[in-house]
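Here come two complexes built around chain A, the first alongside chain B, the second alongside chain C.
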Partner chain A sequence: MGDWKSEVKNIVYEGQIKVPYKWNVGETGSRFFIGLRDKQEIWGVQCPQCKKVYVPPLKTCGTCFVNTDQWVKVANTGTVESFTVVNYSHGMQPAKPPLVYGLIKLDGAGGSFVHLIGGIDPAKVAMGMKVKAVFADKREGTILDIKHFAPV
Partner chain B sequence: MEKVGIVGVGQTTYERSKEAPVDELVFEAASKALKDAGGDMGHIDNIITVSNDFWDGRTISSMAIQDAAGSWGKDISTVEGDGTFGTFYGMMRILSGSFDTTLVVSHMKGSEGIMNLITNAMFDPIYQRSLGIDATSSAALQARLYMKMSGATEEDFARVSVKNHKNAKNNPLAQLAMDITVADVLKSKKIAEPLKLLDCSPISDGAAAVVLANEKGAKRFKNSPVWVKGVAHCSDAYSLGYRDLSRAPALAEASGRAFKMAGIKNPLKDLDVAEVYDAYSYMEPMWYEGMGLAKEGGGKDLIRSGATEMGGELPVNPSGGVLSAHPVLVAGMARLIEAVLQVRGEAEKRQVKGAKTALAHGINGPCGQAHCVFIVGS
Partner chain C sequence: MGKKVAIVGFGQTYQRSSRRDVNGVELINEAVTAALADADITIKDIDAVVIGNMDHFEGINYVDMWSVEGAGAVMKPIIKVTTGGTTGMTVAMSAYYHVASGMFDRVLAIGWEKNSESDTTGAIITAFHPVWERPNLGGAIAGLAVEASKYMDNYGVTERDGARVAVRERLHALNNPYAHLHQEWMKGMEVDKLVELLVTSEQNQMLAYPLRMSDMCPRTDGAAAVVFASEGVAEKTASKLAWVAATANRHDFVFLGDIDWDFNQTMGDAAKKVFAKAGIKDPLKEIDLCELYLPYSYGGLKWMENMGFCGPGEGPRLLWDKITDMDGELPVNPSGGVMSSNPIGATALLRVGEAAWQIMRKSGPRQVQKNVNYALATGFGGCSWADVMLLSSKKPA
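Now for the complex of A and B:
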């Protein structure tokens, strides 16, 4: 047998996983995206029990375990609850770095909303900053119908 | 409740890029755990494997490593999540009365995929994924919220990184053992602010395994078990915006239940050592608070006081923690194995003298969505 391992150089097989996929958004989510696309409005749903307004909408309130059914229009403005400036680049990102992500508490919403912050020097983004949704010119019923949130 | 113990443990080394394929890593960890237990595959009643399809790059990847896990002809089940959750499930299978022994094995080859792309895919495809967030950018959002809530600073987070990388020098299995300073961490490359390179755990490859047994099953093995004194897990909301990201209520719930089961009233005093899931430096003080080792906002004081360093009141992560090696899914099981070694008095250079009661912690999901806490003792 001998020491065959010392004679073997490892081979690396390089591949790529590329699987087309489609996700049904459902009636609740679709109504939310139609609001963004057609009216540039942000809508949430309210839990009938705890009254929390979920944006993006959540069909079931995780706290109360009941279906949400009341639609509530929230403001296009909000507050930056947290943010980060991302300095690395990967294929899943919608733009080149630096990218600024924020947790934005929309006025009238119960939780916060993850989205991009733009229209500002990344070094100037601050906690508590007031921002407003900037809608994309071409809107297709996706989360990127909001281009980013920019300072008010 | 019937007692369940950990009778054997096995780990590979943790490295950035191992040439061995996953099945070889699984075989290595499983064999080491059986050898450590003083038994063989014939003593195992059922097997749990822990894996994730996207990280492995194959559908139902759990099936691909069954040969290496010794599963032929045995009852098996699979877990997609951290190894602590897999171990919890392995324990439940014994408590169900169906089995006396369980082998649980977890593996990860983080080097074979691209972490940012894979963790981006854990977010909702409709509402969040296309924004491009991933494990690191979401953690950065949490870090800043935690700083605001607690008053912890980037220096405090750097102290965690310094402590854990230094501890790793005593762990021959760790990937990033090094002497660094707070200044080194602060001036390391900005990744996703406020997180810098040395605040982030590395990409790692490796595998780990544990042999679980009840009192009857333990008699099959030469080694004596370290008993599970308490264990619990708890989950929070999936979507980041619907959680209080600055706190860890799911960890408070899980640790509270585990402490109650183990009869622990004051964890800082009653525990001898803790191994926690510090995927990013800021998580460690945050988890201190979640576990009640410090009051809300007091995690920074605990790290500043040196209480969690080797030789302190409660050493945390003597192994170097997840910051020093982060094989995803394996990392929580590695914490549990370290806790077992500590209680056995076999942690060698990283041994906490006289450790009798140890805590091990694992997380699942972005920013610690779910937490699993084990208390093990002699």
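Now for the complex of A and C:
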């Protein structure tokens, strides 16, 4: 009995969990998506205390812990604050590599927006570049209604 | 104020890419058995258990129930804690709180992961917001790459600086028999030569600029366990103790775009909090050793600055001046760190255990020469949250 381990070939049981979800976006987030979908507009909400404009919108400013109720339309244009060129692929990624993923500071927004950068050779993307939102032809009220940000 | 708390024992499995010879529960048991042996106690001496992992890596939600035999928690209080990358540290903090409350004398903290059992990137993505961030997420590595790019642009930091962090971690790992990555080929080679190889070799794939394969942590199967005990009990349990001087955790924003990409606010503030509590004014001089949760190389530069070990943009200087090497003024990650072993739910608890062992002088080949009075252990999660713990050789006042 002492040597039984040497005779064992380890078994691996393969499985998969596939669970559909229905995530509630809420009134605040829905209004943002409706703006993207129907008017190709980007809206943020402003905190009444610290005045930060949140894009995407947050119903509550965590810093001040008050509700944000003032809608502010921000520009479809912004500046590339940082970026990377992703060279590896994974099934969860929104596009085939090389894909450019970066921080875009929209004109009028308090924080940045993380999204894809496209319409340009990845090797030519630069810090501080001015970009503009390119909307998807078919818009369904999701964050991918913005296809990517392209150079102005 | 609560009771003073000390670490009296630490155990871990050998960290490996895949452990097909054991299931998760059996893996957990190896670490628990080692920690109990290290503290020279038995499971009967444990009053409560805190356990953690990241559910999606194994597809199991109730690890507190599911692991109960292996964890040694049958008919005992057991609580599961899951906070993503910080899980191992949150487990340690929770065990500390249990003991500090005065309600439990000895509490076992367990962190574990079997990353070989699923798709690590796919599972990590579940940490991001399903509506706002998952659909356009560049991948698990992309966010860190964006952070590194901005940091490099801000301070003129180069790929060589990042590679120098990777070289430090991998060279240190050669002294740690438990580490997952043992890059034996690096042994005896000049640091400059290794840095040069990492930034020029085509085999070292550029995953997402500026991050190459060598800049990233691996995915690991492994477990860790740490025993916390209260003052009065701790001194009778073990002759070598590592006291918890202070602990803190911080979260800031949910959306990646809202965080401050120039300054790791959560890590900086949590570190500042524990230093203030321990009366530490000059961290570089007063902290003797760090076991930091650095999932990627540039964290070893930027986050050092944000924690106050040096000024903005000075991270590379600390590194190239050998201050953070094994025999430097502030050794960082003598274990080889996260970039050498990353069983995610155990990763931050390994930082705590490794830091404690350095204070206890039980680290074997990876023991630093200098005396370790204060050791800092950190945990990092997802898009920038932090849990930190400061350990001390002396019972806190």
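Going forward, the second predicted complex is superposed on the first by the 152 of 152 C-alpha atoms of A that agree within 3 Å, B and C clash if a C-alpha of one lies under 4 Å from a C-alpha of the other, contacts with A are read in each partner's own complex, and residues count from 1 in each chain.
Operating definition for what follows: a contact is a pair of C-beta atoms (placed from the backbone, for glycine too) under 8 Å apart; a residue touches a chain by one contact, two chains touch by 3 or more.
Keep in mind that what you see is a predicted model, and the values were worked out from it rather than measured.
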Joint occupancy of chain A by chain B and chain C, clash or fit: clash
Chain B versus chain C as contact partner of A:92, first or second or both or neither: both
Touched partner set for A:49, first chain B, second chain C, both or neither: neither
First, second, both or neither for A:142, with chain B first and chain C second: both
Chain B versus chain C as contact partner of A:103, first or second or both or neither: both
Which superposed partner A:67 touches (first chain B, second chain C, both, neither): neither
Footprint overlap on chain A, where chain B in one structure and chain C in the other make contact: 10, 15, 17, 21, 23, 25, 29, 54, 56, 58, 62, 81-88, 90-94, 99, 101-103, 111-116, 127, 142-144
In the complex with chain A, residue positions of chain B that touch it: 19, 57, 114, 116-117, 120, 125-134, 136-138, 140-145, 148, 189-195, 237, 239-243, 245
Of all residues in chain A, those that touch chain B in their complex: 10, 15, 17, 21, 23, 25, 29, 54, 56, 58, 62, 81-88, 90-94, 99, 101-103, 111-116, 127, 142-144
List of chain C residues in touch with chain A within their complex: 20-21, 59, 121-122, 125, 130-139, 141-143, 145-150, 153, 205-211, 252-259, 261
Chain A - residues contacting chain C, complex: 5, 10, 12, 15, 17, 21, 23, 25, 29, 54-56, 58, 62, 81-88, 90-94, 99, 101-103, 110-116, 127, 142-144
